[in-house]
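To keep things clear, I will list the structure first and then write my remarks on it.
Chain IDs A, B, C, D, E and F follow the sequence of writing; residue 1 opens each chain.
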Amino acid sequence: MCVGVPAKVVKKMEYSAVVDVMGSQTTVGIIFVPEVEFGDYVIVHAGQAMSIVDETYAKQSVEEWRKLVNARNSETV
Amino acid sequence: MLEILKLSNNPEICKPLVEAVIEKAKEFQEKFGRKPALMEVCGSHTMALARTGVKQCLKDDVNLISGPGCPVCVTDQRSIDAMIALAEEENRIICTFGDMMKVPGSNKTLLDSKIAGKDIRVLYAPADAVKVAEENPDKEVIFLGIGFETTIPILTLMVGEAEKRGINNFSIWMTTKLVEPVLRYLLDAGEVNLDGFLLPGHVSIVLGEDSYQYLVDEYHISGVITGFETAELLMGIYKSIELALTGQAAIVNNHPAIVSKTGNQVIHQWMEKYLTKCDEAWRGIGVIPKSGLDLKPEFDQYNAKKRFIVEVGEPRKTKCRCGEVIRGLISPDECPLFGKACHPMNPVGPCMVSAEGSCAAYYQYMRESF
Amino acid sequence: MEKYISLAHGDGGELSHRLIKDVFIESFGDGDSALFDAASVDIPVGRIAVTTDSFVIKPIFFPGGSIGKLAVAGTINDLAVSGAKPVYLTCGFVIEEGFPILDLKKIVHDMANEAKKTGVSIIAGDTKVVERGSADGVYINTTGIGIYELNKGCSLEFEEGDAILVSGTIGDHGVAVLGARGELGITVPINSDCASLNRMLAEVLEHTNGVRIMRDPTRGGLATTLVEIAEDFQVTMKINELDLPVREEVHGVCDLLGFDPLYLANEGKAIIIVAQQEKEKVLDILREYPEGKDAVVIGSIVGKEKGHLLLETPLGSKRLLTRLSGTMFPRIC
Amino acid sequence: MEKYISLAHGDGGELSHRLIKDVFIESFGDGDSALFDAASVDIPVGRIAVTTDSFVIKPIFFPGGSIGKLAVAGTINDLAVSGAKPVYLTCGFVIEEGFPILDLKKIVHDMANEAKKTGVSIIAGDTKVVERGSADGVYINTTGIGIYELNKGCSLEFEEGDAILVSGTIGDHGVAVLGARGELGITVPINSDCASLNRMLAEVLEHTNGVRIMRDPTRGGLATTLVEIAEDFQVTMKINELDLPVREEVHGVCDLLGFDPLYLANEGKAIIIVAQQEKEKVLDILREYPEGKDAVVIGSIVGKEKGHLLLETPLGSKRLLTRLSGTMFPRIC
Amino acid sequence: MLEILKLSNNPEICKPLVEAVIEKAKEFQEKFGRKPALMEVCGSHTMALARTGVKQCLKDDVNLISGPGCPVCVTDQRSIDAMIALAEEENRIICTFGDMMKVPGSNKTLLDSKIAGKDIRVLYAPADAVKVAEENPDKEVIFLGIGFETTIPILTLMVGEAEKRGINNFSIWMTTKLVEPVLRYLLDAGEVNLDGFLLPGHVSIVLGEDSYQYLVDEYHISGVITGFETAELLMGIYKSIELALTGQAAIVNNHPAIVSKTGNQVIHQWMEKYLTKCDEAWRGIGVIPKSGLDLKPEFDQYNAKKRFIVEVGEPRKTKCRCGEVIRGLISPDECPLFGKACHPMNPVGPCMVSAEGSCAAYYQYMRESF
Amino acid sequence: MCVGVPAKVVKKMEYSAVVDVMGSQTTVGIIFVPEVEFGDYVIVHAGQAMSIVDETYAKQSVEEWRKLVNARNSETV
């Protein structure tokens, strides 16, 4: 079961969408995320898109890591 | 997005994060005289912590305990035996996730049955089971429906699809499990002392952040919703220790990009339409009331437990200690069979065979040398 | 000529005779040896290398190759990694009744092509036909004979610090074939790496010193092959997760399906273990060839007793790798 | 150990490793060559004979042998009739999921036994497993390597009057296997003739002169094999119906089922064409061996242009024999 | 018995018999200024005459003409096409004698259909078809029932067996032929001049010696019931010429060990119970009234022609001259396709494919060299 | 289809019999020859015994051949 890689919607149909996962494509169900749009990233579980990735939050998480890392690095220096 | 993904496994990010966690853990140790103890309650977490090396790196400083997070592992032995017995009858096609194939029943495994010629199919996308039923109208097609909240909604979709296409040779053998009742069981039992939970990223997509409030309100224990990449795991642990240090209980959403406050409402609707709570037997625990979901009576025709009678004897007793592993009471290497009589080629318990099982994770990823 | 293979094509009579004449001799071009029970060929007196493999891949045509190309390249590579120059091949076909003769011709053409490209002769063959439902299209066995032309080979003696090289990205074949099967519903944009490596490896052996061993990490993938070396020669090796050459597409498919690139089959890759001081020279040679352009060092020999393979994670922790253990892969070679 | 073969036995991982160790190396006894991609062996002379055959017989165990014995003897005989001394064999297994490992062990044991008896070494092997329904139990490819030790061989030059010999009764294998299949509802009281003929044929070659050609009349039977010789070397031969050695039981089965012993497979017989004046000497040697005790002269070369095979009936009339043409025989080799 | 069998092929017996026949034939030639002309009307005779070399030995002295004796060869092209079309439908198992597999239909053969995946089975014992039906209750099992009087009784046994076992997915596609109507047709047509018939040993088991009396009474032509071994064949020919020399017509039973005066009465009862005469179309001849047997209407459920509708187009025209070969008008090597476009690997007509076909017999056994 | 070899009944059952054909055995139907006895020879067609061989007649046939052959042989001498 996949855990990590977000899948990018490259074609939206009625109940399913073609998604791209690092270059490979597959079709997933989108019944649980009807609001999904072309270009969105989704989290897929057992062939179904379960959630749309909110990129703003994702970037915020990265910022959090960086802050902690930078704090340590400056400490070390 | 892919850059973010890459960053989340980048050693230049992750190695300092490890140091930060260790520093926090040492702070905790100084303050409380013991290592912080956190439990992950998601099989994917168990696997990710082991595979990425996070668990290994933190082994001297953080007590990371695997909880009842692997759907195969928590399934009662009688239930496993029933599913294997189900496959014995003629004119059936059993569809399942790959993990189930090698789970040891009391006498054999599904793989044994497949090798002996039974029609047992591993599906990558479970929804394909409905197609299999459509293509084999003269066979009964039964999907082995095990799983937690992430997988359960997909079972409802399958029923919906079968309804829509008017397929009546398709059913699901439901043995699903819910996270909340088992966490309550563990906390009520008080067998294991915890400073917090790493809450499952995927289950939380369905449940939402707010659903965990009972941990804070009723048990005064924290939970951090955590993702699966190295940096995410480390941040989840970091925040958990930070909370534990403050002595405050809180639910923190460390995975906000995919987990919302109230969960996926579309999924909630599907589950309400098809499912109702039921008592479920858990391995090593016994029956926990209302700890699973079954199809509502109006969908009996899709309910394999209603369609088929399966008789199984008393499960064979083994020395497997999966029950204790699942409850977080022992670590896999404390089981005397671990790595000796029990290994992935000859699993004695389900924890050694499932890709998300604690014993399998430990065996595959935690042995530097033997 | 008939369009489909029938049982009579395998009964040794008139139809077998014609099939051999029209399909095999036509492509393999050696009318003479078909006249005899055994082919008779010259070989320099001394030592020869012999290897055999059956190919049962599904689908038989896949991006980057076919069962025919694979059956030749696979056996050539087994000879090449053992330090021998491949010279002769035999092929044995088991064909399912109803198999399209046009497909058989394509396969045989691919074999002839790959053999020609690599300078080996296909000197003997056999065809059996089984009833519909007693095979899946066609299975091919190839047996290869190589000669040891150089007076140096792999030393099979290891030292701490020896470098472990791989000649390119791993998992391409496994993922390309899984994609081509269609069953998984995945479209994979990469080709199998299926290729004969004999010339490249011969050059490595000829122009460098200190090659300890060469292996082709086919079924079971890189990890299984390295575990075998570690156990067989009782050396402990360490490879670095960050150094493993894995295409993004392969990563993606593995993530979707829960596979690990370390265990996916390769059909045009070699593992070379070589003395530390020679590794750059070997890399230089490999990178001159299209099949070796992504060659990298992925680890080293770190000890000489235990016979273990260790993987160092990006965090610096290590874990033990074992053989592929019972994952139910479909037929990919 | 497991009782049945599963797909994992063929994935190149842990189970494959154990199967090779416990079943193949256990019987074939060469632990070393399993460590390498190719076996490395010595060749004392400059010319070798190479042959390959796949065996798909049903049933895999039959009176007088098994697919294992057959796979070794069949390839040994191809080498032996070409005048070479068989020295090395490779074997490639394609096994159906669910095949009993005990049966596999028996087969491998039979192979090892026959190899030992005949003095050849099995030096390389391969195992693939296919899904249930994609094979019928087990298929085995063997490839054989022989050396030309004698400095005389078959002349391949024919003269009018040359004698055509067969080393024993014809059709035994075909009929025994048809009986063993059970489907035809016939109980046949004879064994397959399955046997390795290398020592017997080597003695013929060594101690007589004027051997023109030797052949083993397997698939397609005596008639097809003779037609091939006639066509390939453009000689016309005549055989006498009354001289053909056919067991009564074989006659009976043929009559019941409408088969012709001339087209039934043999797996332990040789055709030898030899100068007229040497035929008694050859017969004497053949008859010293249990496999050759029924050896007889069945005809002669009667012309050198047309490339035909003639059968003389008891009435003295002649008719042309052609290759087996499309009779739907079940798998018998 | 086995000694007798051996004697019957012993050259010390047979070679003198050949001489005796030739002597008689010369006598005939002297008397009538032409070779005696005999027709065998049994495919097994055709084959045996060719295989044993009798035909070859007598070729300068006796005109041995093959008549309409091969059941496959006499079957109308439209009937062949129908049987092949029958196999195209799903969920059917076609059972047949091996001879039918390679008979060229207008577009394909049964073998082509089998190679393409249709379930077509060659049975050694036709009665097995009933077993096949019993083992495959969800399939329609159809036996292709072609044959003369020797084979027809066996078809009735199959129906009896299906009745007894209550099997209702079994039926026979009946296209049977009778000897008497076609002999009458040939004699009435007067296209071929004959001095006598070699009457079929096996058909005569069923019919009995007396059944041929019409030849003598109505057509003033002799018939000698003849066996299949070399000596039997030669004696049959000898006696035929002897009769012809006398100018008297008679039926002689040269095979009394197995053929009685009135035939097998048990078989007659079976045939009367199940069968009724019907018109049949013959290759190269057309419909001959009452020249075949069909199941009586009360057995319609076992009659494939009643159960299944098969539509076939106009048969493809070829240059095959089987029609004339069957009627004894030309010998196979007079067909311009013989041995060129038409040979056993690529038969253009049924006479080249059936084991009892005249062209096949001629191709396999009568070519000393080409 | 067999033409020549007579099959010897070696075991008689109700509707079938085991017959021996030069050493090989098979089971044939005997519905058409219910009077058949152990030791009889039968003519088999497509799995059914069609006729019981009358050995006296068979021997008579052989005598007929011999007579003709002897006549010729004495002629020749």
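Everything that follows uses one rule, which is that a residue touches a chain if its C-beta (ideal position, glycine included) is under 8 Å from a C-beta of that chain, and two chains touch if they have at least 3 such contacts.
These numbers come from a predicted model, not from an experiment.
Q: Check every other chain and keep only those touching both chain E and chain F; list them.
A: D
Q: Please name the chain that ends up farthest from chain F once chain centres are defined by their CA atoms averaged.
A: The most distant chain relative to chain F turns out to be A.
Q: Using the touch rule from the top, work out which pair, B-D or A-C, shares more C-beta pairs.
A: Contact tally favours A-C.
Q: Determine the centre-to-centre distance between chain A and chain B, using the mean Cα coordinates as centres, and give it in whole Å.
A: 21
Q: Round to the nearest whole Å and give the separation of the Cα centres of chain D and chain E.
A: Taking the mean C-alpha position of each chain, the two centres sit 38 Å apart.
Q: Quick one: chain D and chain F, Cα centre-to-centre, how many Å?
A: Roughly 37 Å, centre to centre.
Q: Any idea how many Å lie between the Cα centroids of chain A and chain D?
A: 63
Q: Which parts of chain C, given as residue numbers and ranges, touch two or more other chains?
A: 6, 14-15, 184-185, 248, 257-258, 322, 325-326, 328
Q: So which stretches of chain B touch two or more other chains?
A: 2, 124-125, 345, 355
Q: Hunt down the residues of chain F that sit against at least two other chains at once, touch-wise.
A: 1, 3-5, 22
Q: Which category does the touching pattern between chains fall into here: line, ring, star, complete, or other?
A: Graph shape, chains as nodes and touching pairs as edges: none of the named types, so other.
Q: Along chain D, where are the residues that touch chain E in the complex?
A: 183-185, 242, 248, 257-258, 306, 308, 310, 313-320, 322, 325-326, 328
Q: Which positions of chain C touch chain A when the two form their complex?
A: Per the touch definition, chain C meets chain A at residues 175, 179, 184-190, 247-249, 251-253, 255-258.
Q: Inside the complex, what are the residues of chain C that reach chain E?
A: Residues 4-6, 14-15, 97-98, 132.
Q: Write out the stretch or stretches of chain C touching chain D in their complex.
A: 6-8, 10-17, 35-56, 77-79, 81-82, 84, 88, 90-94, 123-126, 128, 130-131, 133-136, 139, 141, 143-146, 148, 215-216, 218-221, 224, 228, 232, 263, 265, 322-329, 331, 333
Q: Using the touch definition from the top, list the residues of chain F that touch chain E in their complex.
A: So the residues of chain F in touch with chain E come to 1, 3-6, 8, 22, 29, 31-34, 41, 43, 45-48, 50-55, 57-62, 64-66, 68-69, 71-73.
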